[in-house]
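Following this line, the structures themselves.
Shared between the two complexes below is chain A, which pairs with chain B and chain C, respectively.
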Partner chain A sequence: MTDVAIVGMAQTPYRRRRDDANFAELIYEVSCGALQDAGLEVGDIDNFITVSNDFWDGRTISSMAVQDACGSSFDGGRNVSTVEGDGTFGLLYGMMRILSGAYRTTLVVVHCKGSEGNMRLITNGMFDYIYTRPLGIEATGAAALQARRYMDKYKLTEEDFAHVSIKNRGNALRNPNAQLAASLSLDEVMASTPIASPLKLHDISPISDGAAAVVLAHRNVANKLGRKPVWVKGIAHCSEAHFLGDRDLAEAPALRDAAFRAYQMAGIEDPFAEIDLVELYDAYSYMEPLWFEEMGFCSKGEGAELTRLGATAFDGPLPVNPSGGVLSAHAVMVAGLARVIEAALQIRGEAGERQVEGPVELALAHGINGPCGQSHCVVILGE
Partner chain B sequence: MAQRVGIIGFGQTYHRSHRDDVNGVELINEAVRAALEDAGLSIDDIDAVVIGNMDHFEAVNYVDTWSVDGSGAWMKPLIKLTTGGTTGSTLGIAGYHHAASGLFDVVLVIGWEKNSESDTTGAIITCSDPIFDRFSFSGALPGLAVEASAYIKRYGIKEEDAARVAVRDRAHGANNPYAQLQTPVTVEEVMLSPMLSWPIKLLDICPRSDGAAAVIFAGERKARQLCSQPAWVHYTAVRHSHAYFGDVDYTRLHTLEAAVQELYQNVGIKEPLKELDVVELYQPYSFAGLKWIEAMGLCKPGESPRLVWDGVTDMGGELPFNPSGGVICTNCIGATGLLRIGEAALQVMDRAVGRQVPDVNLALATGFGGAYWSDLMLLGRRPW
Partner chain C sequence: MSRSAEENIIYDGRIRMPYKWAAGKTSSFFLTQLRDHAKIWGTRCSLCQMIFVPPRKNCPRCVTADTTWVELPPRGILQTYTEIHFSEPLLQPLEPPYMYGVVKLEGADTGLTHFLGEVEPEKLRSGMRMEAVFKKKEDRCGLITDLLYFRPEGGSGS
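Up next, the complex of A and B:
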């Protein structure tokens, strides 16, 4: 499919605390950046999608904080909507509104300031309030259950996951936007503070502040702009069951389904051979091989082995998270759109120091919603 | 890729101030089952699910993933949208774009709220900017009271004029078995009801309700195949212009003016009073039933009381408003805008038992919320 293209993008650097900017100021920064990158002005945009979350913002109707900053109030007001979920879902809805024929150019913006919230309380709030919330379970506690189940089912070790952190934090050294970048040794990861067994400090993404924006355009507009369009060739989303006890956490059938449909839309038959680069949602180290397997790049249980062999390394045959991934910067919801932007920059050949070797013609970007990746969105980008 | 879209099914719960018999997921499920039954479909026929509410009311984060057991979105594409009071209309518009994009054929859209589990005003307060707005615009009432006061001052309208609007909607609500408030009231009763924030009295304003709504949208081919008379989506328009309550011009509802102008121009409506057949207005309080119908271009500013007293907007009038009883009879916030769309669809489909307006060709549904934002969806008997 080559109906909708990414024609502009911007992201803030991700930092532990951006106390120089409020939500609106972060959004203004990336909105201006994405428009400038596209060579467009706010008057050229006929549709806006803001992405935010009331719990993370501590405000109901969290979109209210950024309606004017993104430009939707321009010229008496433009058509706008708000998605509450990962930024990839905002991209998806923005794209739908172009495909429906209603709009031609869409600005998708997303912000989050993890520094202003309490991650444990906020993610505890996504669990059922009768059966599971009183247990005190939150994102990291749930992730630990998933990591343990994945290890048990496929005979994996904590060291297997440590290699993912080493790779991604190492990749982040080339990315000036990353919050955590380091040359970690296996011993350092293994000796880092236990948080929720088997997860240790270096297995876990940081809490970050940041924002991102993407300009989408219909083919007729995209082809007229000076920039090389990055086409959304395939996109699909899917959710599975909510209760952790209803799921086998070592499997992600919703991701399998979403990836399959995205590949179908993009005409991909052999993802490992055809896709040149992957930016996936590695909120925890174990997630990278788990998601990688469910995307059909290798058999179940083999993802960690491929990482150890260097297949997913920066200079490997299929680089995964050359940006450093979510493990290096995790502004919630922003992180999915950041994956899209990183993949698109690679396709443009504009990823600077983190540009991988060889041409990137087809790339996969991925975002998640809900506990332990209950819901997924898979985006296939191409030249 | 792009395709025309029709509404082929609508289901709603029995709305009450407290639905103690169900939890949130069960409430959602009640509406979903009703919509599927209405459309003659099973959950297997649904290609994608759209859901929303205002999550600070129930204090559930990521409502989309939490509610899968009730929504039926297991192993289906699922997305959540939320925009405050406009959530329901935002959801309906998203359902339209899901199908219109050609990516999905049959789309289930769910809006819901369980206000009995919330401190409604406590939650709404937090939408205001914490530095500039929160101390003065704390909750839903203050802004509306400012708007009503400004309107009264400018056009010399009377509180009784607004009371007449409440009387109309409460009379209509008596025809709707799903409405929370089904007892008619008189102008005197409205005038004597407790003052909340001048000039708004208890019977001028909506209740807080538990309830859910589900609407099924389908692409043209599927819609024709599955439904003998779909309600075709003609146009949608949205203005969510402001971030600060202090920026709003309380003498006019600019967002509604801009949205209807876009809609009328694109659809070719020149005389809305004559051309529209029924309106489901997201009217959270009685004064909106005056001022906002002026913003819709139905009459000149300040002239709406005459229309309302003459019965133009009553059942049997030239342009009936809120045959369902509207927001003044039921306000389950995340569902409210979607109820407007569902009720408008019933009118177009000729299936609004007991509250049907005869010969509806065009029905307009609106949404209101946030910092005086407006949404519109125009539905018609024939595809546009």
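Up next, the complex of A and C:
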């Protein structure tokens, strides 16, 4: 349990391309939304965290290009600091700044316009320039290596992964912010265009434009606001080796470690029994069972079976990605904070048509960054 | 072509940024050995004895620079693989479809990511024995692509 709560949040709808807004304008949209949701004004915020990536934006110090839009230059300039990576890392950083005692409130904003750059070139840029980048490998080629390794080690099939796409794209039908929502059949997923074997078109998240923001507040402030605070009960961020060949790609020890630490902080002993809902970073279909297993919800290799049995379905005992997940909308970096927002909306009971049955008292949200989930942030949210 | 009342202007841009990246002494040794002798070298940590390819100045586990060079055989076991079907001419050094794999060379503790060749994708299996195929000496220039690809040990048989 920590002394920090989420008191306001907003996200844009996720779309293939937003020609009507540049990325600063997307930030303005969600900054206003999150402040309004919190019942605060920009002058009430004493700390700002902007999350972005220079390659995606096509400019250096991209995080400083949204100051006007999020209000951090208000009144001659407020304290602002930046993160490059997933939006969940920005949440962690913003929270730590509040816990330092120096700040009471923090606005965390994140944006990405995937439509404006070239995803293949940009994600090739995350690899080292000597050994890996000259091969032309990028995010999806690397993910395909991980999917194959995971299948081979735990005797899984492409059909196992297809069921994840069917579930999540189906869940997205209830989410107006989702970009890809569909009732897919197993045949449709299996017959979709091969991209990088074993991954096919419907195993892969879309390229999206979008932004998200949350307002964090210290307990002393959070309890005085009209809104029900959603508490950050546990959080941890861990990372593993850079070279793909240094890792057993069927394992994610950084996630195991991050989940363990977050559970410890939140006092969770049996995650499957205690956690009511999971929003995790399924950039590719196979990632959902892989991450789910490493979070300790089931044994290794059993995640796909649980999905097939409906355990992670919208109306199952432990809904996973009831929003439709990253498979249905993938504004890079934004997607992790979107998981946090979706989980927090469920705790508030304000998820609208996508609100799951029964109370959500404790939820897990998850963000990743780097090839094949090199780093993971696990956030436990609760009432 | 229809035009909406509120026209959204789109700017075309491309960033071209030349760099001169230093490979560093460790990778320079690796790359010159690859170029001059078609040999693959790894580094062994004197503390944990793990052998890393690509080589590292310091062991990432023990964080010591007390490492020694080890020549590795140009063959090993296929850990995982993929066949790339999508096309991105601005990036791809080969015409798709082509294959990537991770090969753990005999004696090494880590895998090397590279191209696979001389094999039908349907015949690929994790655990297969693979061997390196190098560019001809006169074509090698000190890049990781001086190693052309890994193929099934003993050649394709085709």
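In this text, the second predicted complex is superposed on the first by the 382 of 383 C-alpha atoms of A that agree within 3 Å, B and C clash if a C-alpha of one lies under 4 Å from a C-alpha of the other, contacts with A are read in each partner's own complex, and residues count from 1 in each chain.
Methods note: a contact is a pair of C-beta atoms (placed from the backbone, for glycine too) under 8 Å apart; a residue touches a chain by one contact, two chains touch by 3 or more.
Note that the structure is predicted; figures quoted are calculated from it, not measured.
When the two complexes are overlaid on their common chain A, residue A:139 makes contact with neither chain B nor chain C. By the touch criterion defined above, A:241 lies against chain B and chain C together after alignment on the C-alpha atoms of chain A. Within the superposed three-chain model, A:80 lies in touch with chain B and out of touch with chain C [touch as defined at top]. A count of residues in chain A touched by chain B and by chain C gives the higher number to B. In the superposition on chain A, no contact is made by A:320 with either chain B or chain C. Of the two partner chains placed by the overlay, neither chain B nor chain C lies in contact with A:10. Of the two partner chains placed by the overlay, only chain B lies in contact with A:92; chain C stays clear of it.
In the superposition on chain A, contact is made by A:130 with both chain B and chain C.
Of the two partner chains, chain B is the only one that A:67 touches; chain C does not reach it. When the two structures are aligned on the shared chain, A:101 is found in touch with chain B, with no touch to chain C. Once the two complexes are overlaid on chain A, the chain A residues touched by chain B in the first and by chain C in the second are 58, 129-130, 241, 243. Per the touch definition, chain B reaches chain A in the complex via residues 1-2, 23, 52, 54-57, 59-62, 64-69, 73-84, 90, 93-94, 96-98, 100-103, 123-124, 126-127, 129-130, 236-244, 247, 254-255, 258-259, 369-371. The part of chain A that touches chain B in the complex is made up of residues 3, 24, 53-55, 58-61, 63-69, 72-73, 76-85, 89, 92-93, 95-102, 122-123, 125-130, 236-243, 253-254, 257-258, 369-371, 374-375. Chain C meets chain A in the complex at residues 6, 8, 10, 13, 15, 19, 21, 23, 27, 31, 52-54, 60, 79-86, 88, 90-94, 100-102, 104, 110-115, 121, 126, 143-145.
Of all the residues in chain A, the ones that touch chain C in their complex are 19-20, 58, 118, 120-121, 124, 129-132, 134-138, 140-141, 144-149, 152, 193-199, 241, 243-246, 249.
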